[in-house]
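Note that the chains take the letters A, B, C and D in the order they are written out, and that residue 1 is the start of every chain.
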Amino acid sequence: MYKRIKAKVFEIIQPAENGKIASRIFDYCIMSLIALCILSIFAVTFDLPAKVARLLKIIDRISVIVFTIEYLLRIWTSDLLYPEDNRLCALRKYLFSGMAIIDLLAIIPFNRLAFFPVRLTALRAFRLVRILRIFKLNRYSDSLTSISAVFKSKAKDIVTSIFVVFLLLIIASLLIYFAEHDAQPDKFKNAFSGLWWAVATLTTVGYGDIYPVTVIGRVIGAISAILGIGMVAIPTGIISSGFMEHLQAKNNKENKEEITYCPHCGKKLK
Amino acid sequence: MYKRIKAKVFEIIQPAENGKIASRIFDYCIMSLIALCILSIFAVTFDLPAKVARLLKIIDRISVIVFTIEYLLRIWTSDLLYPEDNRLCALRKYLFSGMAIIDLLAIIPFNRLAFFPVRLTALRAFRLVRILRIFKLNRYSDSLTSISAVFKSKAKDIVTSIFVVFLLLIIASLLIYFAEHDAQPDKFKNAFSGLWWAVATLTTVGYGDIYPVTVIGRVIGAISAILGIGMVAIPTGIISSGFMEHLQAKNNKENKEEITYCPHCGKKLK
Amino acid sequence: MYKRIKAKVFEIIQPAENGKIASRIFDYCIMSLIALCILSIFAVTFDLPAKVARLLKIIDRISVIVFTIEYLLRIWTSDLLYPEDNRLCALRKYLFSGMAIIDLLAIIPFNRLAFFPVRLTALRAFRLVRILRIFKLNRYSDSLTSISAVFKSKAKDIVTSIFVVFLLLIIASLLIYFAEHDAQPDKFKNAFSGLWWAVATLTTVGYGDIYPVTVIGRVIGAISAILGIGMVAIPTGIISSGFMEHLQAKNNKENKEEITYCPHCGKKLK
Amino acid sequence: MYKRIKAKVFEIIQPAENGKIASRIFDYCIMSLIALCILSIFAVTFDLPAKVARLLKIIDRISVIVFTIEYLLRIWTSDLLYPEDNRLCALRKYLFSGMAIIDLLAIIPFNRLAFFPVRLTALRAFRLVRILRIFKLNRYSDSLTSISAVFKSKAKDIVTSIFVVFLLLIIASLLIYFAEHDAQPDKFKNAFSGLWWAVATLTTVGYGDIYPVTVIGRVIGAISAILGIGMVAIPTGIISSGFMEHLQAKNNKENKEEITYCPHCGKKLK
C-alpha cells in the first residue's frame, strides 16, 4: 500500500512523458504557481496599495509552502528516480543535482542573511528554470532537445573558449588598471574596476561608466574591443558548427535507411 | 458582369505574379504612396513652414483615403482569396491575417486615443512592411523567399531560444533589482528598471543610463553580459545552419536528378 | 611608337599580375605614397610645430600631384582597359567605375566647398581602399579573393537583408519618436533623432546619448534591441553559409577529379 | 652525467605529454605559482593592511625568482628543444619564440621605466597565457587543439579581414574627425580621437564618451555602425566555416576508412 502510493506520487511529480493525465495536471499547476510567484515578486517591487501588497505576501507564502512540499516529496521518492542505487546514495545524488539545488534555493524561508548583502527573495527567480518543462510538454520539445544536444556535444569546446575568455579578461583588466590608475584613480580604483571594464569591453556592452582616457589605455581598449569580436565569433562558430553537425547526423540517419536498396530489383545500390 | 469586375479588381490588387500590367502598375502606385506617406510623417516631425505642413497634411489625408479604399476592396474580394471557404469564413480569415491587421492599423483615422499615450500616426510606419512587396516584383524575389524560408524552417528553434532568453531576462532583472535597489534606489526603482537593464545588457546594447555599482551587482552584470554573447551565438548558429540546410536542400535536389534511376535495373527510383 | 609607350604605361599602372618588375615597383611606390599621405593627414590634425606642419603640407601637395598624374594616365589608357569598346565608351565606363570615382574624390584640390560642411581633405581617406592592392601582390591574394567571392555570391541576400534592416530602422525610429517626443522633446527633437537612436540600438552600439525613458518607449527599445540581435544573426548566417559553400565548391572540385577511377583496374568507382 | 641531468631537466620542464610524474608535478607547481602571482598582483591594487601587503610583495619576489630560474633552465636546454639545429641557432630560435618573450616580459625586475608611462608589473599578466597548459594536461586538450587548429587554418583569412577592418577604421576616423571637429573641438581634438570613436563604433562597444552630433557626422556614424555588424559577421563566418571544415575533415577521415578498397578489383586504393 505504502509502496503503491509512493510510486503513484513519483509518477505524478515526474515530468509527464508517458501522457498520464494526473501528472500533466500537476505539471501545469506547478508551472502556473511558478509564473504567479514570479509575477508577485515583480509586483512587490512597485509601490502598491497595502491591500495588494498583503495579497502578494500571501501568494508568496503559499507558493513557498507548495514548493517545500514538492521538494520533500521529491526527496522521499528519490530512490525511485535512481532505482539502481541504494536509498542513501540516491538521496545524496538527488540532493546535489542541479534542479534540486535550484528548488532548495527557491524555498529559503529567510528574507535576508546577516553576511549576505542581497535579499534572498531574488533566488526565487531561479525557479523559472523549472518552467522550461513547459517546452517538454508540447510541440517545442524537439527544439529544446536539439538546442541542449548541441550544447552538450560542444560542451568541451565552449568550456575551453570560456576559459580563454577568462584569461583575456584577467590580462586586459590588469593592463588597463596599470595604464589608467594614475590618470583616473577614482574610476580605476583597483583591479576589480579593471575587470568590470574588461567585461563591458570584451562583451561589447560598453556602458560608458568607465573607459580609458590615456593614449596607452585607449590602445589597450582598442585591442580588447577588437578581441571582443573574436569573443562573439568563437562561440558562434562553435555553436553554428554544432547545429550543422546535429543536422547532418539527423540527415545521414534518414538517408542511410532510405536509398540503400533499389525498390524494383531489391539489389543494394552502393 | 458584377463577377467579372470583382475578379478583375481582385487580380489588380493582388501582387502581380502573373505579370499582368495593370496589377504591376497598381503595386508600384501603392508602394510610391507608402513611401510618400512615410516621408511626410518623417517631415512632419521637423519644424516646417506652415505651407509645407499643410501640404504634408493633405498628402496624409489622401494616402489614408486611398489605403482605406484598398482595404475595403480587399475585404470585398476576400472570398476570391480563399476560394475553398464560404463567404463569411473567408472574410474572417482575411480580417485576422497579419497583413490585414497592419493595413487596418495604418488607416486608423484618430490621431490619439484617450487611454493610449502615443500618437497613433506612428502606426502608419507599419505600412512599410507592405513595401517588401517591391522585392517580390524584381530579381531580389529569390533572396527574400530564401530568407523567409530559412526563418520558417527554423521557427520552432527561434521561438524556443527566444523563450530561453525571456527566462534569462526575468531572472537577471530580479537578481539585479535585489542586488542594486538599496545602493541606487532612484535608478533601480522597481523590477521593471531591472528588466530594462537586463535587456540592454543581454543584447550588449549597453546605453549606460543604468548599470550596477555594487560588487554583487557587477558580478551579476558580468555573468549577464557573457550570457549575452550566447544570446547572439545561439540564434546566429540556428540561422547559419538554416541557411546551410536550405543550400544543401537545393544542391541535393540538383544532385538527386542524377541518382533517380537504379544502376542495376534502370528503373526510376521514385 | 606612341602606341608602344601607351601600352607600356598601361602595363605599368595596372596591378602587377604578370610579374613585370616595373609594374610592381610602381605599385609599391603608389602604395607607399598613399600610406604617407594618410599619415600626414592624420598628423595634421594634431598641434604641431610650424615647421612640421609646412612639411606635411608639401607632402600633401606632392601626393595630390602624383595622384592627379596617375588619374590622367588611367584616363588616357582607359581604351586599353576595355579593348572591346570604342574610345568614348571605354572612357565613360572608366570614369564611372568605383575606383575612378574614389581616385577623383582623393584629388579634389579645394579644401572646402561653400555648401558642404565638411573639409574635403577627409575624402582622401578613401584612397586607402586602393591599398588593398597590397593583398593582390602577395600571399594573401587568395584570402581577399575568396572573401570578395563570398560577398559577390551572396550580394543579393545581403542587399535584401540590408533593405529589411532599413525598413526596421524607419519603423523603429517613427515609433520611438512618437513614444518619446512628449517626454524628452529636447532629445527626440524630430524623426531624425529617432533614426539615430534606432541605428545605435539595432546595431547594439548604444552610445547612451539618447535612450527611451517612458514605459512604452522602453518596450519599443527592448523589442528593437532584441531584433538587433537578428540584425547580427542574419548577415552572419548568410556569410557563414557563403564561406561554407565556397569551401564545398572547392572541395567538390578536388574530390571529383580524385576518386572517380580505381588506380589499379581503371574502372569507374561509382 | 652532465648530459643526463640536462636531459632530465629538459624532460621535467617540458609539458608532461608522456605522462612522466615529475614533469606533471612541475607543471602543476608552476601553474599554481602563476595563479598565486596573478592573485597577488590583483590583491595589491586594493587598499590592504601593511602586513598583507608585505606578504604579497614576498610572494611576488619569490615568483619572479622561480620564473627566472625556469627561464634560465629553458635557455640552457634550448638545444634539446630544437635538436636538429646547432647550439646558437637553437638558442636564437628559442629566445625569439612567442612563449620565451612572454616569459621574459613576466620577469622584468624593474617596476617602472623612465620613458614608459605604465607600471611594468602589468606585464606579469601575460604569464597567464602559460596557464593554458592546464588544458594540455587534461581532457580539454582536444578542444584547445581543435580551436587553435581552426585559427591556424583560417589565419590568412583572419589577417586579411583584420586588414580590411583596419582600413575601415582609418577611413571612418578621418571622416568623423573632419565632420565633427568644428562642432565638438574638445571631443574630436585630433584624428586619434576619431580613431578611438571608430573602434568603439565598429566593434559596437559604444561607450558613449564620444559620439557625433552633426547631421553628416551621424550619417557617417550610422554607416560605420552598420558596417560594424559586418565586422562581426565576417570573422564569425570565417571561423564557423573553419569549424565546419575541421569537423568534415575528421568525419571524412573516418568515412574514408570504408572506401579504401576498390569494389571491382578489391585492391587498396591508396
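Just so it is clear, a contact is a pair of C-beta atoms (placed from the backbone, for glycine too) under 8 Å apart; a residue touches a chain by one contact, two chains touch by 3 or more.
Here the structure is a predicted model, which means the values were calculated and not measured.
Student: Same or different, please, for the chain B to chain C contact, judged on whether over half of the interface numbers appear on both copies.
Tutor: Interface between chain B and chain C is built from largely different residues.
Student: Since chain C and chain D share one sequence, what rotation angle in degrees maps the C-alpha trace of one onto the other, as a multiple of 5?
Tutor: With C-alpha atoms aligned, the rotation comes to 90 degrees.
Student: Half is the threshold here, strictly exceeded: which of A-D, A-C or B-D has more than half of its contact pairs identical to A-B by residue number?
Tutor: More than half of the contact pairs of A-B reappear in A-D.
Student: Taking each chain's centre as the mean position of its Cα atoms, how many Å separate chain B from chain C?
Tutor: 30
Student: Averaging over Cα atoms per chain, report the distance between chain B and chain D in Å.
Tutor: The computed centroid separation for chain B versus chain D comes out at 42 Å.
Student: What positions in chain D touch 2 or more of the other chains?
Tutor: Residues 192, 200, 204-208, 232, 236, 238, 240, 244 of chain D touch two or more partner chains.
Student: Chain contact topology under the given definition, line, ring, star, complete or other?
Tutor: complete
Student: Write out the stretch or stretches of chain B touching chain D in their complex.
Tutor: Residues 204, 206-208, 236, 240 of chain B touch chain D in their complex.
Student: Enumerate the contact residues on chain D facing chain A in the complex.
Tutor: 38, 41-42, 45-47, 117-119, 121-122, 124-126, 128-129, 131-132, 135, 139-140, 142-144, 146-147, 150, 162, 165, 192, 195-196, 199-200, 203-209, 231-232, 235-236, 238-240, 242-244, 246-247
Student: Show which residues of chain B lie in contact with chain A when the two form their complex.
Tutor: Within the complex, chain B touches chain A at residues 156-157, 159-161, 163-164, 167, 170-171, 174-175, 177-179, 181-182, 190-192, 194, 200-201, 204-208, 211, 214-216, 218, 221-222, 225-226, 228-230, 232-234, 236-238, 240-241, 244-245, 259, 262-265, 267, 269.
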